[in-house]
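One structure is given below, encoded as structure tokens.
Chain lettering (A, B, C and D) follows the sequence in which the chains are written, and residue indices restart at 1 in each chain.
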Amino acid sequence: MSTVHVVGAAGFSGAQLAALVDAHPHFDLGQVTARADAGRRIVDVAPEYRVNAVLQELDLDAVAEGDFAAVCYPHAEAAVAVGQLVDRGVRVVDVSADHRLRDAALYPQWYGFDHPRPALLAEAVYGLPEIARGDIAGARVVANPGCYPTASLLALLPMRGRLADVVIDAKSGVSGAGKTPTPDVHYSSVADSVRAYKVLQHRHTPEIAQEIGTDVLFTPHLVPVDRGLLASCYARIEGDVPHPDDLRQAYADFYSDAPFVEVVEQPPGMRAVQHTNYAQVCPMVDQATGRLIAFGVIDNLMKGAAGQAVQNLNLMAGRPEDEGLR
Amino acid sequence: MSTVHVVGAAGFSGAQLAALVDAHPHFDLGQVTARADAGRRIVDVAPEYRVNAVLQELDLDAVAEGDFAAVCYPHAEAAVAVGQLVDRGVRVVDVSADHRLRDAALYPQWYGFDHPRPALLAEAVYGLPEIARGDIAGARVVANPGCYPTASLLALLPMRGRLADVVIDAKSGVSGAGKTPTPDVHYSSVADSVRAYKVLQHRHTPEIAQEIGTDVLFTPHLVPVDRGLLASCYARIEGDVPHPDDLRQAYADFYSDAPFVEVVEQPPGMRAVQHTNYAQVCPMVDQATGRLIAFGVIDNLMKGAAGQAVQNLNLMAGRPEDEGLR
Amino acid sequence: MSTVHVVGAAGFSGAQLAALVDAHPHFDLGQVTARADAGRRIVDVAPEYRVNAVLQELDLDAVAEGDFAAVCYPHAEAAVAVGQLVDRGVRVVDVSADHRLRDAALYPQWYGFDHPRPALLAEAVYGLPEIARGDIAGARVVANPGCYPTASLLALLPMRGRLADVVIDAKSGVSGAGKTPTPDVHYSSVADSVRAYKVLQHRHTPEIAQEIGTDVLFTPHLVPVDRGLLASCYARIEGDVPHPDDLRQAYADFYSDAPFVEVVEQPPGMRAVQHTNYAQVCPMVDQATGRLIAFGVIDNLMKGAAGQAVQNLNLMAGRPEDEGLR
Amino acid sequence: MSTVHVVGAAGFSGAQLAALVDAHPHFDLGQVTARADAGRRIVDVAPEYRVNAVLQELDLDAVAEGDFAAVCYPHAEAAVAVGQLVDRGVRVVDVSADHRLRDAALYPQWYGFDHPRPALLAEAVYGLPEIARGDIAGARVVANPGCYPTASLLALLPMRGRLADVVIDAKSGVSGAGKTPTPDVHYSSVADSVRAYKVLQHRHTPEIAQEIGTDVLFTPHLVPVDRGLLASCYARIEGDVPHPDDLRQAYADFYSDAPFVEVVEQPPGMRAVQHTNYAQVCPMVDQATGRLIAFGVIDNLMKGAAGQAVQNLNLMAGRPEDEGLR
């Protein structure tokens, strides 16, 4: 058994993550931390998970070498905590954005802070298990991908290196915006409506571009759904345009070892993956114009955050990739 | 033409009210006031109404005798503003709760403040036009009924004096909770769920009891709907139990002069009244047990707040009751 | 290991049930039957469950003595299938209504057919595990309770024998109406609205009355939710009115052995039980009037149908009551 | 006063259209026709509009020269009815797709039927008032644009002739799918989910391409909303890339005479246009890559169908373009 601390366990992702760890056959739930909610139980802030562990302030003296941690703090704060934990011999999945961008210069530009531990950043592994199983297994710090990048990359990666003019139109459920009540997540603002936001400015843009290896035009939309994220991706295919069957086969081959990626024939909806760690991807091709249309759909709190973090913890701990996630 | 000031026009009810006044053939929109949002236009805080008037702090020196005002302030603050306006010769519809309860002693008990103007309270008319047209027409202060009382009373009033053991199970859309973002109105809290709240403690309870003339067991529920309010009412009928047809006829007779109350044969849904000032009521009877089952449904921002306020303003100004409300 | 056949596995309840059986550590999924969808896999009609078993017509020659079956056919048809299965030595959970009412005369009255096997009906056990564990364990036919009765009874049973004037105002998600597309379940009919239906006529009425032992005024409502059912129950308490703390303690004692019933202090929402077999109940009391207000909330497809069926199958097979249901 | 017949008034668009005509100060509602629902009143099939006119079979002998008609039949059937009406001197807005495509050969390809009246097709005017006011005014047959084309074209037309690689990712509310209950519009299928459909195959594709003058990659999505349609459009700008302010000014100039098009600065949501005939468009530009991002949002039943039909009828009848539509 290994101990997993969940640092920042009162938010949507953190509570889901604590619940997954709590139910995991190989992991013991260590500290579950929060600041404003310290002293409350997780079941008090997220009743649906039935986790009775009490939230507390992070106690660095009580973590042990060889422990694992998942950090769900806001960006900039996460980088500090990750560094402190690694210094004590804890291996960390950073669920925040603080170790995703390899180029440290992008942090002041996109996130408004200078990275406090550039060496750790350089060492961190981008934790999309479908393309980095081996590196994740041995990493001290794994950067858990963002929800939009996860859905987008899974839809596009089998064609990486052959795509240009990439347009990603993504639709996210509201839980992706976090738990803080703001006018934008008021029921009366979200219900019965769809709108784009942060056009040309969303912080997941450089992350997607980094991993797909080309510029992307990424436009997120908020939809009246609690959990779920659909990335509709459009790109020009360079070189020969594959037959639709060959394209689907190429995707199936690419994900043949991926327990959580399902290549499907019809455009997938959020319903088929909600409350699971599965992603469904559906590649299609317009042979007349040589365009790829590829859909990727996930539960933003599972494969887009907490579930993927457990998938990474499994790999780091030498456990089956899907343990505790079925 | 008469001038109508909307005091507190940045919230859900106030903005809807300003829009109705702005489009009204007989009313001119006077001051539209707000505190936090002063300086913004109504269209900036409520784009769907396309009202360009600029929100400002209330300027008591700029109101004139003979003007009308509708006050949408929070309780306790409303009572002060209403008094100031009446002192200047303005006739007021108080959309807040501050003039609804005839017994001043109920204010400290239910609302936590002592009423500052008990004489005005004693003078105020409870503004449900269906039962008080005449008094409203001559009133200086009209207390606009609450949303829950409006739906409940319209469902029950034709049987007033003959009911006992009244149980009201009400379901309200989220806009009834107001515009302030709180955890309870977060989309991820409201969507896909229904729950009761303020059981035995909701402030509309004494208001309903006052008007129906008997104690009521009132239980409000929050439902995943933006606008709409359904009151399902159950009561024992004292005396002879009417035949269902006679019951419906009695309701039709009771509301024969009411332009906004529709007596319907099937349990009504919110959809038929949304964005309108109509109420639908449907009385049914269990002849075996002598129980009345009566449904009342309204749009909580229209017949439950702003629309009813305009209906009252029409009566006060000697205009047709439905002017500007079709 | 025991074999469990799911008869009628293409609908909402049946597919959920097949998925639970498929993942159950002690049960093997036997035949999964359907008529219109025969030849398709369950994953094709209900992708979210990832069950690849192929739907087929029921083959009575291929069932074995000692097998179990859960029957999810429409009423009247279910009674026939249950009889055929029992005749072959199969022990059955009837998820339909066909074995719930002890008085056979109620079937022509409420369901429009004469029960074909009154002896089996007389033998059947009403399968609410919280009050009938022992009888369920030895039964040949268990009548799985309806969704509305489950939520209502769990909310009221601890006070059985002490209640009068019972009013139940229930709110159900749309999946409870079944999979057949009708105008009433069209998204544009359900969304943004709440309405009562089958007032004084719903078939769950006599079932609730039978188990609670008194007449009830039961009014179901359709709410814009997929899965979830809330019963808000109101009743006069006969005899001494308990203190709220004592009432809650009485409920806690009543359910002390029930692994799936949670007695909670705040009115529960659907969110806390969705996709689980848990019920939450919350008893409150109006000491002034001696009224009980009790809420019961479940997932209508889990504790209200498929989950409860597995709970019953566990008891019948001598397994832990909660096996395969956490 | 002019008489307007609504042919096919029982569906979502037709009932909305009948309601608009019924309330219109210059139009008299003529025949309102339906087949399956003949004999019922519009209020029975669409209670929210409160239109008491009785649906009947189309009676061609009772239309008069100089009348107007709006035809809301399914495609192929509409073309026949339009022809019959025009032959009797009735001027028609065809709300179906049957007169939108100038190339008659596209009908067998995209709609599966040969156009029965190619001469009328050749004569018909594509009825997007923002670009064809003059032609509409004199037309015998106006082809009311589809909902997706309306939103997409309004977002793109100011840049017509300067765009390449056009990608349109559109999100439609469910009412756009029509009133027939199918599995795809079952609440439990639509709620909590978003999915693409008819990828590369949607019939609005050639219509958009025809009007924008270049190929488009059009992908519609179904979202859990009743009324509303958002088209998110992406395209490469040929030639000089405008400054964002200049781009917005160009849009404002283009629509300076359009009473229903609002050029807005923030990505628009459906909420601001629901239940209105307004469209909001928001052009943005990625100056680094020379890409246009333009959003267009409408109510699919108003500006996307019935509202636009009345706008066209106003122009045909020489009335103010916005009469009866505020």
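Points worth noting:
The definition used in the following text is that contacts are C-beta pairs under 8 Å (C-beta built on N, C-alpha and C of every residue); 3 or more make two chains touch, one makes a residue touch a chain.
All of these numbers come straight from a predicted model, not from anything done at the bench.
Between chain B and chain D, the least number of touch steps comes to 1. Set against one another, A-D and A-B show the most C-beta pairs in contact at A-D. The greatest centre-to-centre distance from chain C, using averaged C-alpha positions, is reached by D. In whole angstrom, the spacing between the mean C-alpha positions of chain A and chain B is 46. One finds 37 Å separating the Cα centroids of chain A and chain C. With centres taken as mean Cα positions, chain D sits 39 Å from chain A. Each of the following residues of chain B touches two or more other chains: 189, 191-192, 224-226, 271, 274.
In the complex of the two chains, the chain B residues touching chain A come out as 12, 174-175, 179, 181-183, 185-192, 224-226.
The touching residues of chain D, counted against chain A in their complex, run 165, 167, 169, 171, 189, 192-197, 199-200, 215, 217, 219, 221, 223-228, 230, 232, 234, 236, 267-271, 274, 284, 286, 289, 291, 293, 295, 297. Across the interface of their complex, chain B is touched by residues 47-48, 50, 191-192, 271-276, 278 of chain D.
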